[in-house]
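Look at the two complexes coming up: chain A is in both, with chain B in one and chain C in the other.
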Partner chain A sequence: MSVHDTAVSQDKMDRPLKKKKTVWDTPYPWLIPLLVILTAVFLYPIIQIVHLSFTDANMIQIGHDYTFESYLRMFTLPGFIPMISATGFFVFFSVIFQLICGFIIALLIVQGEKMKLRGTVVVRTSVLVAWAIPGVIIGVIWGMLYNETDAGIINYMLGIAGIGPIPFLSDPTMALLSVTLANIWRGTAFSMILMYAGLKTVSKDLIEAAIIDGANGFQRMKSIILPAMAPIMLVNLIIISIDTFNTFDMVMALTSGGPGNSTEVIALSIYTAIFREFNLGEGAATAVMLLIINVVMTIIYLKVLGRRGQVE
Partner chain B sequence: MSKENKRTWTKAGLYFSFFLVVISFLFPLLWVLSLSLQTPFEVLQVPPNIIPTSFAIENYRDVLDSAPVLQYLWNSFRIVVSTVVLTLLIAIPAAFALSRYQMKFKNHLLIAILMTQMMSAVVITIPIYRLFASWGLLNQLGLVVIVYVAAVLPFSTWFLKNYIDTIPKDIDEAAIIDGCNKWQMLRRVLLPVSLPGIVSVVIIVAVQSWSQFVIPFILIDDSSLYPVSVGVVNLQSTQTQITTHLLAAGSIMSIIPVVILFVVLQRYIVGALTNGAVKG
Partner chain C sequence: MKKTIITGITCLMLAGAAGCSGEDSSAKDQDTLTWLTTSGYSPDAPSEGTADYISEKVQKFEETHPDMNMKISLQSSNIDEAMARLLEQANTGRAPDMAAIDGYMLDRYMEYLQPLDELMEERGLEPNDFLPFAEEVIRGEDGQIYGLYMSTDTRMLYYNKEVIEEPPETWEEVIEVSKEVQKEGYQGLVLPVGIGEGTTVTSILPLFWSQGGELVDEAGNPSFGKGKNREAMIKTFDTLYRAREEGAISKRMASSGQENDANGEVAAGNTAMFLGGSWQAATIEETLGDDFENWEVASLPMIEEGDETASSAGGWAWGIFAEDPEKQEAAFDFLMDSFISEQGMGEFTSLQGSLPARESVYDSEYYDPGPFNDEFLESLETEARARPGAPSYNEISVQLQTSISQVISGSKEPEQAVDDAWEIVTFGESEDDK
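Right, the complex of A and B next:
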């Protein structure tokens, strides 16, 4: 690669003089395409959705009046508390177990690599593959695993152990548990990648020094690995939480929110309100609530990043 | 316990844990693969056969007859490639500017970009649906790709900006002294050095766009334009219990390209991802 081959002689003569500034010497033209797309695809919809949430618009009629009714109805609807608690359960347990499983698997892989065990690559790849499968297909796959007839594989295996059969998707409480489990399976891969990357940056010298000082595995974990990993765990926690709050595809394919609306997490309930019940105002009000959750989580994320000194 | 002994035990424990992890991640996929090779009769058999006895490879032909899975795959491929190309064309210059230029409100801009990254796709896509519907613009793959691009742009821009930040500025100055203008500097000097970062972005954007569901689900209702994610859900809603085997075959067909790619390229993908996780 050479940078010498164009108009060098001309420029060399000009160099002592101040080069003429072009528009490309300002940051703006470089940023215009980005700003245009983000404004069109994010700013416009956000303004629209906030606007709609203060109206009684629906998907069938044209025209609307302004009202606070959507918010009042959203909070007083019988489905509101179940939706919030389903979302809360789903997010809380998904996040906790994705963090724990991701961390444990990452530890296993790092340890396996250190000891040069042959199977390590297989483990890494099989977890990674789960990350590359579209969420809807994960929903379809788990739907087959949860098959409640005698031919269902999980119920069959539990049957051998003398348990079940379990109504994985037809019992409301069980269904929420089943959806959460499938989501943990799905999200562990991503969490593992972040944890794995973090573990690779934990200083080896520090660990060696601790071993020489006679620290056992538990002590090393408590006083070196966990403190070093705390920032990346926190970042991971926030990213996973936002992703889980926004989850739509996997639940849609697995239960469509049912039975009843026992697995109707917030993103799904927005979709249902608007496209199934044609109630734009109410769906928009719920959407605004989700946006507020997104913004609050992002602010927390920035505070954490700021503490790590990554944002100037 | 001797040191040698302890090592053996650690090894055994690790291998046992490896086994558990691999089983829990591969079993669901292997079970669907097994179902996809069973006849409708065998699917309903009790106890279920883990290894199919009928080996009904014709399921794959049948699913191709009943649903345009290859068309779905082709649509996904087209969308993903256009999204990746367009994303790079927009994100690289923007990342360059955010990394190398001084400007007012730079931090505000970076934060605003990050905010858009975190917004729920369902919430964003609904007003876009209303807009497209009222202008008769649904089912325009070109426009759908723009929305896909918007969904991955914030991440890509941040990531590349952080990557370019790690490249010393001396390199820029040397290029300028050699007579490069800003375009030449970006293309001939910064791009080659940023290649590992760009590869990371390509992989992550490709996987995310391949998995994207909400955007095409809401913005496309012409089934000949469905990407695989929407196509499989469509297949699911038109199939009943009897045809589990076909749904399984459809699912396997729609994940097999990515799975093969991942197994073959896993070393580079892990590199790209860990590189991204630390820098991004």
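Right, the complex of A and C next:
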């Protein structure tokens, strides 16, 4: 061995040993359990639903054929337009009023806290109760309120004032309004909690600076509070929109989609197709449509409102 | 570290294997009889009397069958959903050994159910002792018996005889009587014409059947929208529409889909007559107390004088899916002793407030008849029919409920409503098939 060789070996030994990086040294293996769970409980059911939507499967007979009939049926039969209209009305007004009412109640609570009024926690908690009550129970409660006989609470009170009785649940238009109102009541609580959290994040320094600059209440709301709350309002909007699109339990308990199909929203239509008519193919096709609506709506919200929020 | 993990896994596998082998050995000693039932027919029944009765029967069964361990599963309280799941289980070979089945649907399970003729003969149970409609339901196309009808019900007109002397027999009379009683502060006829199965079985089918209408043909395909059946269905819708237009029935009935919706109306005290199920008699009796004496029942009013009266019967049956003869026998023993024998059916239906499905039980010492027992029996013997068990029935029923609800709420004309329901139900079928 030459002197030169010895020097090279010595040099190799002095250098720290560089271990070859394997996949086990990355975070990916730690994500495997999550991936497995998501695939099993999220991805697989979606694939199954899409698959079923292209079949004539039902829950009464074994086997199925592949067909586009479920989609054709959904789009061409007389119930489609009323279902889309009822859902559009229900979701649009529910979301708008849940946002507005949630914001107003949150604002009142924050103002109450600033003024050190007693009972703000009680108000916050009691509003939350509406959110915690299961949809079916809310349907039953509002059913008692809307009852059109003398036993109905609202009609009884209107009767004292010489008004009514109002056909809250038996007139197609009134029934849709009644169901939407009950859903606004139900969803306002959750909206309020998010809005309250958003209001708490608005910098007090900024508001004080605006007051010193002479900004009035409306200007403070428009130029400071609303822009600061934009991200949380966007999250709120997405969550309550999806929640409302997916609502069927409360509607089922309150009207079962009637009278006729005047309150049959998309989610209830899925339930009816699968569990009352046993028609898996049609129910799955409607579910795919609802999934697409939810995804497209979320993307639009994120693209339009998200970008606007960033600009501001 | 690696060694520890490998040792741990090996231990777990060994423990698992030991557990499995243990299970195997106990399975040899004791077979499991799986029983799928609704909560109302289980040891967890909401009624304490029923719960105690069934618990006692289960205990007795386990004492007399020490080699058999009974495993009870409860169905969803949503009957349609529960029946769909049971069918799915049967389709995939996972059916329980015995199950409670909504009576009229029994036909759908027949290819998976075991024939019971031999066991019935051994226990002296005559198929023709079942009420005529029930026997028709439990008898398969091959003539064998595939189910044990347990309890039933029928629909009738309830009326307050203090207000209405003679019950209306036709819808003309219903309109007339309704107008009269409304002048006295009572409301017109109360009946379900909204979204719910009560609408189909109580308000639509009896009128439709009384005109000779058939919902499905012999092959089980929808038939209500063609030929004479279409005419009968339009006439049924027209009759209800006219009653609504004349003010005999309130528009708010369009939001009532179940017979039980009438209970609250009766409790309010201004109801003179309603269409309801036999099970409601006990509830109304409890609600009204002494005033119940004024109430009577009569056959459902028909469209025209001379139309044959009709009603629909419901109720539950038991089916045995087990292929193992020992399990079949054990299941049959349990069902007979608890629900089907003279004593079992008599005691159980008395507890439930339902009607026995066997004619001989009505005279049994074990049966405690409720109000209007004779009238209900006559209705079941002479005019009651079960809904068709065809797979298309559920969709037909849902569409008819939606359509009549649209008619009563004023958003569709009767003919249009019937034709729309027919279009939905027969979508994709060629004109010839229709």
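Observations on the structure shown:
The working rule: the second predicted complex is superposed on the first by the 261 of 312 C-alpha atoms of A that agree within 3 Å, B and C clash if a C-alpha of one lies under 4 Å from a C-alpha of the other, contacts with A are read in each partner's own complex, and residues count from 1 in each chain.
The definition used in the following text is that contacts are C-beta pairs under 8 Å (C-beta built on N, C-alpha and C of every residue); 3 or more make two chains touch, one makes a residue touch a chain.
Keep in mind the model is a prediction, meaning the values are calculated, not measured.
Applying the stated contact rule after C-alpha superposition, one finds that A:Thr149 touches each of chain B and chain C.
When the two complexes are overlaid on their common chain A, residue A:Leu302 makes contact with chain B while staying clear of chain C.
When both complexes are overlaid on chain A, the residue A:Pro172 reaches chain C alone and has no touch with chain B.
Once chain A of one complex is fitted onto chain A of the other, the partner contacts of A:Ile84 are absent, as it touches neither chain B nor chain C.
For chain A, the partner touching the most residues, choosing from chain B and chain C, is B. Contact with neither chain B nor chain C is seen for A:Val202 once the two complexes are overlaid on the shared chain.
Of the two partner chains placed by superposition, only chain C is touched by A:Pro259; chain B is not.
Overlap of the chain B and chain C interfaces on chain A: residues 147, 149-151, 274-275. Remark: chain A residues 1-4, 6-8, 10-12, 15, 22, 24-28, 30-31, 33-34, 37-38, 40-42, 44-46, 48-49, 52, 105, 108, 111-112, 115, 117, 119-137, 140-145, 147, 149-153, 156, 185, 189, 193-194, 196-198, 200-201, 232, 242, 245-246, 248-249, 252-253, 267, 270-271, 274-275, 283-284, 287, 290-291, 294-295, 297-298, 301-302, 310-312 touch chain B in the complex.
If you check the complex, the residues on chain A that touch chain C are 58-62, 69, 72-73, 76-79, 147-151, 167, 169-172, 175, 255-262, 272, 274-279. Against chain A, in their complex, chain B makes its touches with residues 7, 10-11, 14-15, 17-18, 21-22, 24-26, 28-29, 31-32, 35, 43-48, 50, 89-91, 93-94, 96-98, 101-103, 107, 109-128, 130-131, 146-147, 149-151, 153-154, 157, 162, 175, 177-185, 188-189, 192, 207, 210-214, 217-218, 228-230, 232-233, 236, 244, 247-248, 251, 254-255, 258-259, 261-263, 266-267, 269-270, 273-278. Listing the residues of chain C that touch chain A in their complex gives 78, 80-81, 84, 87-88, 91, 108, 194-196, 250-255, 257, 264-265, 268, 270, 391, 394-395, 398, 401-403, 405-406, 408-412, 420, 423-424, 427-428.
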